[in-house]
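Both complexes shown next keep subunit A, but they swap its partner, so subunit B is in the first and subunit C is in the second.
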Partner chain A sequence: MRSILISDPSLRDGNHAVQHSLTVKQVAAYCDAVDAAGVPIVEVGHGNGIGASSLQLGESSATDGDLLKTAREHLPHSKLGVHMIPGFATIEKDLKPAIEAGVDVVRVAAHCTEADITERHIGYAREKGRTVYGVLMMSHMASKEMLAEEAQKMESYGAEGFIFMDSSGHYLPEDVTERVKTLRSALSVPVGFHAHNNLGMAIANSVAAADAGAEMLDGTARGFGAGAGNAQLEVLIAVLERLGYKTGIDLYKVLDAADLAEKELMKVVPTISSVSVVSGLSGVFSGFLKPVVRAAQQFKVDPRDIFFELGRRKIVAGQEDIIIEVASDLSKKLTGAR
Partner chain B sequence: MSLQAIRDVRADCQTALAGQDSELAPLMGDTILVTGGTGFVGTWLAETLACLNDDFGFKLKVALLSRSVDRFKVVYPHLGNRPDFRLIRADVRNIYDLPSETNWLVHAASTPDSRFHSTNPVETMTVIADGTVAVIRGLDRCSNFKKFLQISSGLVNGAQPLNLERMPEVFAGSSAFGTVSSAYVEAKRFAETYCAAARSQQRLPIVTARPFAFIGPYQSLETPWAINNFIRDALLGNDIRVLGDGQTVRSYMYGSDMAVWLLKILTSGTPGASYNVGNPEGITLERVARLISERFIPNPGVRLHTSESNANQRSILVPDVTLAMKTLRVSITTPLEPAIDKTIRWNRACSGLPKTAE
Partner chain C sequence: MEIQVAAVPGKPSFDKLRVAILGSGNIGTDLLIKVLRSEYLQCGAFVGRNLSSPGMAKAMSLGVTVSSESISYIEKHPGCCELVFDATSASDHRQHAPILERMGKIAIDLTPAQVGRMCVPSVNMRDCLEASNVNMITCGGQASLPIAHALQLSQAEIDYIEVVSSIASRSAGPATRRNLDEYIHTTEKGIKAFSGSHRAKAILNLNPAQPCINMQTTILAKVENPNIPGLQEALKKVLEMVQAYVPGYQVIVGPLIENGRIVTMVRVSGLGDYLPSYAGNLDIINCAAIATAEEFARNLRRPVQSV
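Take a look at the complex of A and B:
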């Protein structure tokens, strides 16, 4: 029976779904539940990772320090993880205090073609004795060969595992299979996959990843995450169990944790809205869903048009300000047409 | 760098040179140029050549060519400010006029740092390929030139099969090509072939060394190589983290032995021949980690990160050095355990200072 290492970013990716408003009380409650369930890694922080709270990306209700301190206190068994994107997060200001707060796992992320920016951050976390994974986001925007080359850079910098993210929920299972196979042959470290559910394929894609040899999968309670959400953790555990994979997670307790998460963390359970489908089809970051909807309302344009235009411009996470520009342009065109 | 650290390195050089000085006599009174003269290989050669001058009366003139000579002078003034040493700041790719008095040349310019290879594959290749072409072209002005030592890599032989205990120079294994990750090795292969062509066509006396893995002072603990990272983890008080199941096999030669072997290949190696340079005693990474752990109190833990993919990726890289040992009469004077002790001691002594030569 093959093992799959499960990482739960509900308290990080889920923050996208609630405008980064998760409180220390919510973090404490959920950490208690997933720690009891035996979830190996629990990721905590702003939706875009530590250090990302800002006017542009959305301000967190609680500081990184408070969230991490609380999570650490309520995760006696599970490892505490953070996501960090160099540029949003710096070593001195963000990573160093996070490590001092007791973070065990650092996932250093970059856009799929920009692994170069992660060298110092990966090196620093390794130097501090933390487990370090390299993460490439919006991976559908790179060919599988280019993805492998970028992943190799992260491995050479010292990453002990590599995770590729389907940030816009764009993949179909065969896309995931071929990428995992390519990555496994290119890397000597384990490969992981982080799904989004825009086209309803998050669980199927995660299973495809595992079947192709991925050893790490991400899942969030009720799929609590950006846009249409992620692979639903409790479903993922059940499916993996049925397929004969070992996760070490107690099914009943993770089901309880998901029930708690629905009640305590979410304003609404993520669903695949019409706009999410468009986000997945256009290959635009799932986390853009709420700002796109807001911009569409503000400028009185169709959010689906915004998504397709963002996709045409190949906009990536961190370029949220372009959403307003696109909505404004579309609005002007509509006004001009009238 | 502390006085004690300088003395320790000098003692290592004296040990490695014991009984070898007479065979290095062809170097006496000559000028030797080392490209990549401020890197790990170059710095150990500099230490050894300084020892030959100070302790054995060789009266060598040494030229170290590098892009980083200013930093070298500041960090290692005991080498950088010697009157018998000349530091030449230059990019090896743009060399047109080597010092005309050069008699011996060790071409060591290139970085083995895999981080640099993956981030800058083009520069990795051009430094090796264009650099080799430029240096050989530059030899035209050296009227009394005696021999050229090309520093290649033990990786040019391709992947070592798991059932092959030691890899001889003649082994031809398969390896990927045409990819970013093959940039370093393919450039080294080009350089070896170019040297063979130059030796044949221009009758240049060129001999090749294929270095494997090393340990010792002047090697950055930040480079993502297993033994360096294990020592760094232990020095920082962390657990030692072993990627994979720890059954990958490597071998490590101490810097002073490497330098003496290279000088012996330079003076006594047969032009056209390639010599492996490294420790022939293979050891698993788990054992390396435990050897390092034993040297600290309290012992840091050794954490293995077993995973299916890593188990499939076990590898072995250990040289067969019979050719060098038999024909050049070289030996290992500092085995692995004392090499680890010396490396730890040096890094402790240099705490707070840059730990690496560049």
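Take a look at the complex of A and C:
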């Protein structure tokens, strides 16, 4: 029976769904629950990782320091993880304090074609003796060959595992299968997958990844994550159990943790809204959902038009400012046409 | 090793300030083309570490003295220049700075090393002429700080400024990629210094889209009782001054208020000297460096005589 290492980024990706408003109290409650369930890695922080609180992406209500300190105290067994994106976070301002706060797992992330910006950060976290994984986001925007090439760079910098993210929820299962296969033959470190559910494929895609040889999967409680949410953790655990994969997670307790998350963490349970379908189809970062809806209201344009235009312009995660430009352009065109 | 190529025929060189360019990457090579066009500057040496780099090949084809000995070449040939553009990396410049200081060379630093005086030509160029080491901050700094300064001139008090730049992946060479942390720290320091803002944050995105995107920078500000007409007035003047040395600099959105913050967005299309015009990031820092060097030249020399 093969083992799958589960990471739970509910307290990081879920922050996108609540405009980065998770409090230390919420973090403490959820950490208690998933630690008891035996979830191996619990990721905490701003939706875009440590150091990402900003006007561009949304300001966190609680500081990285407070969130991590709280999580550390409430995770006696589970490992504490962070996500970091060079270009937003730096070693000195963000990674060093996070490591001092007791983070065990550092996931250093970049847009799928830009792995070389992660070299110093991966190296630093390794030097400090942490477990380090390389992450490539928006991975549907690179061919499988290019993805493998970029992943190899991360391995050469010292990454002990590699995770590719379907940040737009754009993949179908066969897309995931072929990428995992290509990555497995290109890398000597384990491969992982992080799903989004814009096209209703998050669980199916995660299963496809496992079946193709992925050894790490991400899941969040009730799918609590950006846009249409992620692979739903408690469902993923149940499905993997049926398929005969071992996760080491207690089913009843993870179901309890999900119930607690629904009650304590989220304003609404993530759903595939109509706009999220378009976000997935157009291949735009799921985290754009809230700012796109906001800009659509302010500039009186259709949010679906904004998403398709962002997709056409191949905008990457982190370029939230372009939403305003696109919305303002669309509104000028509408006004001009009248 | 050194390769000596016959000097470019044309104007006599004694009226022009002799400069050396350290670093043969994208920034250095683009600078070279701008120096060769300048009425005030001439290139005494183009030095790097690798004679087979594309930048070196370009320099050789232009008939410029090149060397792969990097800073040692300048140490061995002190007469090759009075001013040195350093287009290497932040850690390299920290080593070069004391050497250039000792040799009495003016240094214009294009890395985010934070050694010299920070310079944005449209704001404080005259004040920089007394410094022996001038730092051009970062490309995002050159694009955003004129706006940050306009905010300072027009708003009562600024709590926070955030600068988000997106550049084409192709325009970011290996040193830029290694220096992302320094880019952020130096840009943040520049924002505070040039706007008086209490807090600052810088963000850099690389976008690999084809065709390449133009450099774009968004300045987001949190201000009590924003004064938009005042900002528009200040921006007009600032724009004119920046466009005098960076022709492709334009405001494309705003200033407007969105979600409680002042948003201004600029786009920089480059002159297309070494890299195509999408590399506005490269162009804006180089145009600023050239404008500063020319100001030094005018200051140090008698006016250029025509022949």
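In the analysis below, the second predicted complex is superposed on the first by the 338 of 338 C-alpha atoms of A that agree within 3 Å, B and C clash if a C-alpha of one lies under 4 Å from a C-alpha of the other, contacts with A are read in each partner's own complex, and residues count from 1 in each chain.
We adopt the following convention: a residue touches a chain if its C-beta (ideal position, glycine included) is under 8 Å from a C-beta of that chain, and two chains touch if they have at least 3 such contacts.
It should be emphasised that the depicted structure is a prediction, and the values quoted were computed from it without experimental measurement.
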Looking at the combined model built on subunit A, do subunit B and subunit C fit side by side or clash?
fit
Just to be sure I read the superposition right, which of the two partners does A:Pro86 touch: subunit B = first, subunit C = second, or both, or neither?
second
Please name the chain, subunit B or subunit C, that touches the greater number of residues in subunit A.
C
Tell me which partner A:Glu119 touches in the superposition: subunit B (first), subunit C (second), both or neither.
both
Which of the two partners, first being subunit B and second being subunit C, lies in contact with A:Lys128: first, second, both, or neither?
first
Regarding the shared-chain residue A:Ser274, is it in contact with subunit B (first), subunit C (second), both, or neither?
neither
Have a look at where A:His111 lands relative to subunit B and subunit C in the superposition and call it first, second, both or neither.
second
A:Glu160 contacts which: subunit B (first), subunit C (second), both, neither?
first
Between the C-alpha centres of subunit B and subunit C, what angle is found at the C-alpha centre of subunit A, to the nearest 10 degrees?
60
Check the residue A:Glu215 against both partner chains and state whether it touches subunit B (first), subunit C (second), both, or neither.
first
In whole Å, subunit B and subunit C in the superposition are separated at their closest C-alpha atoms by 5
Touching subunit B in one complex and subunit C in the other: list those residues of subunit A.
116, 119
Seen from subunit A, its contact residues with subunit B in the complex are 2, 116, 119, 123, 126-129, 131, 149, 152-153, 155-158, 160, 184, 186-191, 213, 215
Touch list for subunit B against partner subunit A, complex
114-115, 117-119, 179-181, 222, 224, 229, 232-233, 236, 238-239, 241, 243-244, 305, 307-310, 313
With touch defined as at the start, can you tell me which subunit A residues reach subunit C in the complex?
54-56, 86-88, 90-93, 111, 113-114, 116-117, 119-120, 141, 294-295, 298, 313-316, 318-322, 324-325, 328
In the complex, go through subunit C and note every residue touching subunit A.
160, 162, 164, 166, 169, 174, 177-178, 180-181, 184-185, 201, 203-209, 213, 216, 218, 220, 222, 252-253, 256, 258-259, 261, 263, 265
